[in-house]
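Take a look at the structures listed below.
In the two assemblies presented below, chain A is common to both, partnered first by chain B and then by chain C.
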Partner chain A sequence: MNIQAGIKLTAAEAALVESYNEQVGELPGDGATLLARDTLLSDLKEAGLPTRRVEAWHYTDLKALLKSVPAFLHGASAQRVEPIVPGSTVLSVVNGKAHTRLLPEGITAKSYADTLLDGSAAAGLVARDADDVIGRINGSFVRDGLIVEIAEGAAFEAPIEIQSVQNCGQVNTRFPVRFGAGAKATVIERHLATGEDAALVTSVTDMRLADDAEVTWIIFQSEGEADTHLAQFKAELGANAKLRLYVINGGGKLVRQEIHIAVAGEGSDLTLRGINLLGGESHTDVTFTVGHDVPHTTSTEVIRNVVLDRARGVFQGQIRVAQDAQKTDAKMSCNTLLLSDDAEFSAKPELEIFADDVQCGHGATVIDIDHTQLFYLMARGVPENKARAMLVNAFVAEIVEELEDETLVEALEGVISDWLEKHA
Partner chain B sequence: MPAVQETIDQVRQIDVDQYKYGFETTIEMEKAPKGLSEEIIRFISAKKSEPEWMLEWRLDAYRRWLTLEEPTWARVDYPKIDFNDLYYYAAPKNQSGPMSIDDVDPEILKTYEKLGIPLREQEILAGVQTSKIAVDAVFDSVSVVTTFKEELKKAGVIFMSISEAIREYPELVKKYLGSVVPTTDNFYATLNSAVFTDGSFVFVPKGVRCPMELSTYFRINEKNTGQFERTLIIAEEGAYVSYLEGCTAPQRDENQLHAAVVELVAMDDAEIKYSTVQNWYPGDKEGKGGIYNFVTKRGDCRGKNSKISWTQVETGSAITWKYPSCVLRGDGSRGEFYSIAVSNGHQQIDSGTKMIHLGKNTSSRIISKGIAAGVSQNTYRGQVSTHRKAENARNFTQCDSLLIGDRCGAHTVPYIEAKNSSAQFEHEATTSKISEDQLFYCLQRGIPEEAAIALIVNGFVKEVIQELPMEFAVEAQKLISISLEGSVG
Partner chain C sequence: MLEIKNLHARIAEDGTEIIRGLNLTVNDGEVAAIMGPNGSGKSTLSYILAGREDYEVTEGDILYNGESILELDPAERAAKGVFLAFQYPVEIPGVATMQFLKVAMNEQRKARGEDELTTPDFMRRVKEAAAELQISPEMLRRPLNVGFSGGEKKRAEILQMALLEPKLCVLDETDSGLDIDALKIVADGVNALRAPDRSVIVITHYQRLLDYIVPDTVHVLYKGQVIKSGDKTLAHELEANGYADIIGAAA
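And then the complex of A and B:
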C-alpha cells in the first residue's frame, strides 16, 4: 500500500502505514485474515488518528499526542517476571509471543496466532465502530495472544496472572477469554515493560461470562515512561453473572484504556473500580461504557485518580440504559486528587437513559487534599509530607480493600505504595 | 400505571390544543427576497439605516460563515436546513422600527394583547400592587414598541431595540458588540452576526440599580422566516439589572429557524440576572413543524466580584440547542445557571451551560432539571473548566432528570476540566422516574393522578422556579403543567 497523494498523514500515521507494509509479509494468516487486516488498515489510513473533534477522543487528541511509532523488533529480549501474587498460575506473552504451558484443571490456553493462521480469528478482526482506533491498529498488526477458556463450574484457589511483558518495539496482542457457566476465578491481566526504550503496545481483551460466572479481573498496567499503551477491554455478561473489574494504571507515557461492558443477562452485575496513579509528563485516558440492555441489572463504578507533576488524566464514563432495561440500578463516581498546579484532569461522566423505571446517578469531584484532615494528622505530630502520603494512600487504598482475598489486597496495596513512594 | 380514558384522550390532544399561542396575525408584511446573499445583508443593513462599519461587520461575518460547517455534535436529529429557502427579513408594512404606541398597527397590538403582554404603560393604580415591567416587543424582524423608555432614561438606563441603539449609541454598541460572542464563535452565532435583525440593547450605568424589570418579547409570525435576534446587555460598575425574555410563534407545519445571540457584560461588582421563558411552538404530536432554536448566550463577568445569573425555563421548540454560559474573568466573580427543560411529544433538547473559570476565587453553581415525556429526547450538556491560573475556583453542579413514560430519553453529558490543584468541583447527576411511593401517597389522599404528578414535578423544579422573578414564576409553573399535561400513561 502506498501513501496516496493528497492525503496528508502525520509522522505517526505514516509510520503506522509504513510499519504495516514492512510487516505484512510475516504477519500470521492470509486469506480472510489478511483481508480483514487490510480493511482495518485502510480504514485507519483514511480516517487518520482521531482528534479532539471526535467526541470519543475529546480529551485525547491522538493525532497530536502520538508523535512516533517504534519499529517492530525481532530481537526483543524481555523475560517473564514473578507474578504479583505469589503462587499464581502464570500465562505469559513475552515480547508479543504467547507461551502456553501445563495448566491446572479447568483452564486451557491456546495461542491466538494459530487462529490467525487458520483464518478462524478473521471474523473478530473488526472495529467496534467508526471511532475504534485501537481496534483498527490492533487488528491490523496483531501477531499473537492467548485464547483462554475456563471450564463450566471451575474454581481456583490461586489467581491466574496473564502477563504481557516486553522491553521495546511493538507488541500487538489479543486475549479472547471465555468463562463457562458458574465458573469462579480471579485473573490479573498485567502489562509491563522491562526496558526503557519506547514501545507501542496495543491489546484487546474480549471476554464472555456465561450465566452465573463470578469473575474478579484486575488490569494492572505499569509500562515504561516512554511507552504508548492502547488497550481495550470488552466483556459481555450472561444472566446472573458477576464481573468485578479493577483497572490500575501506574505507568506509560501515553495511555488509553477503553472498557466496554455489555451487562446483557438479567440479574448480571458489574463492579468497576479504577485507580489511576499519574505522574511525570504522562497522559492517561480511561474511557468506559456500560450498556444495560435487559431489565434488572446493576452496575457501580468508582474511579479514583491521583494526579501529580505535569500529568494529564482523563476519565470518560458512559452509562447507557436501553428502553427495555427497566429496573436498572447504575451508579458512577469519579474522584480526583489534583496535587499539582501543572497537572490536569478532565472528566466526562455521561448518562444516556432510555428507560424510565431506573435509578441512575453519577458524581464527580476534583479536589486537593482535605486541609482539615491534614491538620488533624499534623496536630498529632505526623510530619506534613508523611501526612500527605497517608491521605493519598488512603484515598486509593480504600478501593482495593473491598476485595476479600487478603493476599491480593496486600499485593495491590504494595503496588500502590511503591508507586507513591517513587513519585511523591 | 394503567391509563384511564381521560388520560388517553388528553394524550391524543397533546400539543395540538395545548399550545395556546399558536394563532397567526394577518397583517401585511414587507419581506426581503428569499435566500441569503451579500445583497440581502446590504438590504437588511439599509432597512435599519445602519452605519457603514455595521454593514462591514455583517459582511465579514457572512464571508466567514460561508466557510463554516454546521455542528453535529449535539444529540439532536433534524433534516438538513436549506439556508437559502428562508426569508431573512420580514417586518410589518410601514413599520421599520419602534414607534409611538398610537401609531402601531392595531393588529399587532391585538396580538400582544392576546399573548398577555402589556404594551401600554399602565399607571400603577392607587392601592393596587403591580410592579412595572418595561417591554421591548419584537415582531419578526423588527422591534415594534419599547415601553417605559422615558422613565428608564431618567434613571440613566438605556433600553431600546438594538437597531435603534446602533443608530443612537454607535460608540457603545461598537465597543461591546461581539466582544463576548465574537463573529467567529460558531456556525449559528456567525450566521446571526451576518443577518441579525432586531433584539434589545440595555445599558445600565455605573452604580445604577435598574428601577424596573426589563423584558423583551419575541414573536415569530411570518411563514418561512428565520428570526435572528441579537441582545446586548451591559452593566457598568456596581449596576444591577434583571431582564426577562419570552417567546412564542404560530403553529405551522413547516419548521422555522430561530438563531439568536445574547451577550452580557458585567463590570466590577455588577450583577445581571437574565431569565428566559422559552415557549416557541414545539410542533404537533407527530413531530411536524415547530421552531428550531439554535441559540448562543454568553455572559462575561469582566469585572471583579461581578455576577451573572441565567435562569431558563425551556418548554417550547422542536429542537433546542442552547448553552447559556459564563466567562468568569474577574477575580471573585460568580456565575449561576438554573434551568428547567421540559420536553414532550417529539421535542429534542440539547441544552446546558459552560462555566469557564479564569479569575481567582471564582465560583459557579449549576442546577439543571430535565423532564422528558412522550418520545422526546432531553440532554443536559455542560462544561466546567478552570484555567491554570484560576486559583480557588469552586463549582457545584447538580443535574437531575425525570422520565415520564418509557419512550423518552434523558441524557447527561458533563465535561469537567480541572487545571489547577486548588479547584474544587463537585458534580452530581441523577435520573429516575416519579417515585411510586410519592405518587401513592398523594393518590391515597384523594389527589387525582394528573394533579399529583404536577405536584411532584413542581417539587422537583422548585429550586429553579424560585430563581425566577415573581411574575414569571407563576407563568412558568403553569407552562410546565401545560407541557406535561396528558403525558401520564
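And then the complex of A and C:
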C-alpha cells in the first residue's frame, strides 16, 4: 500500500501504518479478508486517530494520548494464569493465540483465525461507523480469537473464563459469541498482562443472545501500567433475553472500553454495572450506548469510580429510545469517589428519546468518604486508613454484591480489595 | 474510670457552644444514668467522649483512668476500651457485618498487643453473643446495619459491645425504638456486662430502662451542664414531675 503524500501522520499513526505493512504478509486471511483489512487500514490512515473534535472521542483525544505503538513480537512468552473463580472452565488466548480445549457439553469454541483464513470472517471486518477507530485497528490487525457457541437451553455449574493474556507487543483479538435460546451462563472475559513492557491490545467482542437467554458477562481488565487497551463489546438481545454486564477496569495506561447494546427483542433487559479503579497517570474511558428499539424493554446502568493519584476517567453513556419503543424503562447513574486533588472524572450522560410513554433518568455525582460512616468504624477501633479503605471498598463492593452468587462475589471482591490495597 | 472537668465544647464548623462547663465523675463499676430534655447536649457529650471530630473541646479535660484522652482519635479510644452505642447506628452498605466485626475485634486486639482471633474462635464468640441477644444469623449476613429495623440496630450495637468487651460503655438512648421484649433482652445484655472494672453511662429519657438497668447515680444534663446529680430516686422524681422544677432551681 502506498502512503499518500501530504497527510501528516503522528508518530503512533505512522507506526500503525508501518506495522501493518510489516505484518500484512503473515496476517491470516484469504483475498477477501485481506481486502477488508486493507480497506480498514486505509480508512484509518485517512481519518487518522480521533481528536477531541470528534464527539465520540471528545474526552479521550486518542491522537494526543497514543504516543507510540509497540512492535508485534513473535514468540512472546506469557503463560495462562489461574482463573478468577476457582473451578471455572477456561478458554484462553495467550499472546494473541487461541487455545481450544476439551469443553463441557453445551459449549463449543473454535479458533477465529480459521475463519480469517477461509474468508468467512471477512464480512465482519468492517467499522461500526465513521468514528470506529477500534474496529478499524482491530480489523486491520486481528490474528485470532475465539468463536464461542453456547447451545440452546444449556446451563453450567461453573463460570466460563475467556482469558486473554500477554506480556507485551501487539495483541488483536475477536470474540464472536452466540447464546442459544434459553441458555444460561456466567462468563468472565478477562484481559491481563503479565509483563511490564508496553502492549497495544485491541479486542472486539460481538455477542448475540437468542430469546430467553440469561447471561452474566463480566469484563475484567487488568492490563499493565504501560499498556494501551482498546476494546469494544457489542451485544444484541433477543426477546426476553437478559444480559447482566459488569465492566471492571483495574489496569492499563490508556484504556477505552466501548459498549454498544441493542435491546432489540421485546421484554429484553440490560443491567450494566461498571467499576473503574483508576490510579497512577492512567486514562480510562468507558463509552456506552444502548438502543431501545422495541416496546417493553428495560435497562439500568450504574457506574462506580474510584479515582486516585493523577488518574483520569471518562464515562459517556447514551440511552436511545426509538419512537416505537414505548414503555421503555431506563435508568443510568454514575458516582465517583475522587480520592486525590489531581484526580479527574468526566461523566457525560445523554438521553435521546423519541417515544413519549417512557421512564428514563440519569444522574452523576462526585462524592467524598462519608464522615459519619468513617467515625462509626473508627469508634469501633478500626484505624483511620483501614476504615477509609473499607469504605472505598464498600462503595464498589455494593455493586458486586448484586451478583448474589457467593463464589463469584467473593472472587470479584478479592480482586477489588487487592487493587485497593496495592494502590490506595 | 471517667472524670470530666469543666468541659466546654463547640461545633467545629460554626463555633456554637453545646457543652458549657460540664463536670461528671463515673467510678469503676458504676452505672450512671444521664437524663435531660431534648437538645440538652447528651448525644453531643457521647460523641465527644468517643472522639468525633465535628466537635472541638475549647476548655476543660476528659480523664479516662487518670489520663487525658482529648488527643486520641476515635479508634485509639476504642482500643483503650471506650465504646459508644449510637443513638442512630450508621448504615454502611457494602461492608458485611461479619467482616466488620472481625476487623473491629482484631484491630482492637492488635492495638493492645494481643493476638488476632482465629476464625473458629471469632465465629464461636459471635454465635454465642448473637444467640443471647436473639439476633438471627440472617441479620449477620446483611451489610452493616443496612435494612435493620430500629430495634435490630440497637440490638446490633449491644452485640458489638458484648464482643468488644469495652471498659467504658456509653449507651445513647439504646432503649428508643425497642419493644418491651427487646428492651428486656438488651437490658439483660447490658447487665451481663456489669463488672467491677467496667462502667456504664446510660443516656435515656425513660424510667422504664432504668427499671431493668438500675443505675448507681443519675445526672440531669441541661444546656450543656450537669445541673443535678443524685441516686436512682432522682430518676423517679423526674418521671413524676418532669424537668421544670430542677431547671427552675438551677436557673
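What we mean here is this: the second predicted complex is superposed on the first by the 421 of 424 C-alpha atoms of A that agree within 3 Å, B and C clash if a C-alpha of one lies under 4 Å from a C-alpha of the other, contacts with A are read in each partner's own complex, and residues count from 1 in each chain.
Operating definition for what follows: contacts are C-beta pairs under 8 Å (C-beta built on N, C-alpha and C of every residue); 3 or more make two chains touch, one makes a residue touch a chain.
Predicted model, so just to flag it, every value in this text is computed and none were measured.
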| item | value |
| --- | --- |
| Contacts of A:Tyr376 with chain B and chain C, given as first, second, both or neither | second |
| Chain B versus chain C as contact partner of A:Glu281, first or second or both or neither | neither |
| Which of chain B and chain C A:Asp341 touches, first, second, both or neither | first |
| First (chain B), second (chain C), both or neither touched by A:Glu196 | neither |
| Dominant toucher of chain A (residue count), chain B or chain C | B |
| Which of chain B and chain C A:Asp418 touches, first, second, both or neither | neither |
| Chain B versus chain C as contact partner of A:Glu402, first or second or both or neither | neither |
| Partner chain in contact with A:Pro349 - chain B first, chain C second, else both or neither | first |
| Which superposed partner A:Val358 touches (first chain B, second chain C, both, neither) | first |
| Shared chain A surface residues [contacts with chain B and with chain C] | none |
| Chain A residues within the chain C interface of the complex | 371-373, 375-384, 386-387, 390-391, 393-398, 401 |
| Residues of chain A that touch chain B when the two form their complex | 55, 58, 323, 326, 336, 338-368 |
| Contact footprint of chain A on chain B as seen in their complex | 73, 388, 401, 403-433 |
| Residues on chain C engaged by chain A in the complex (per definition of touch) | 50-54, 73-75, 77-79, 83-84, 86, 89-90, 92-95, 100, 103-105, 107-108, 111, 143, 160, 164 |
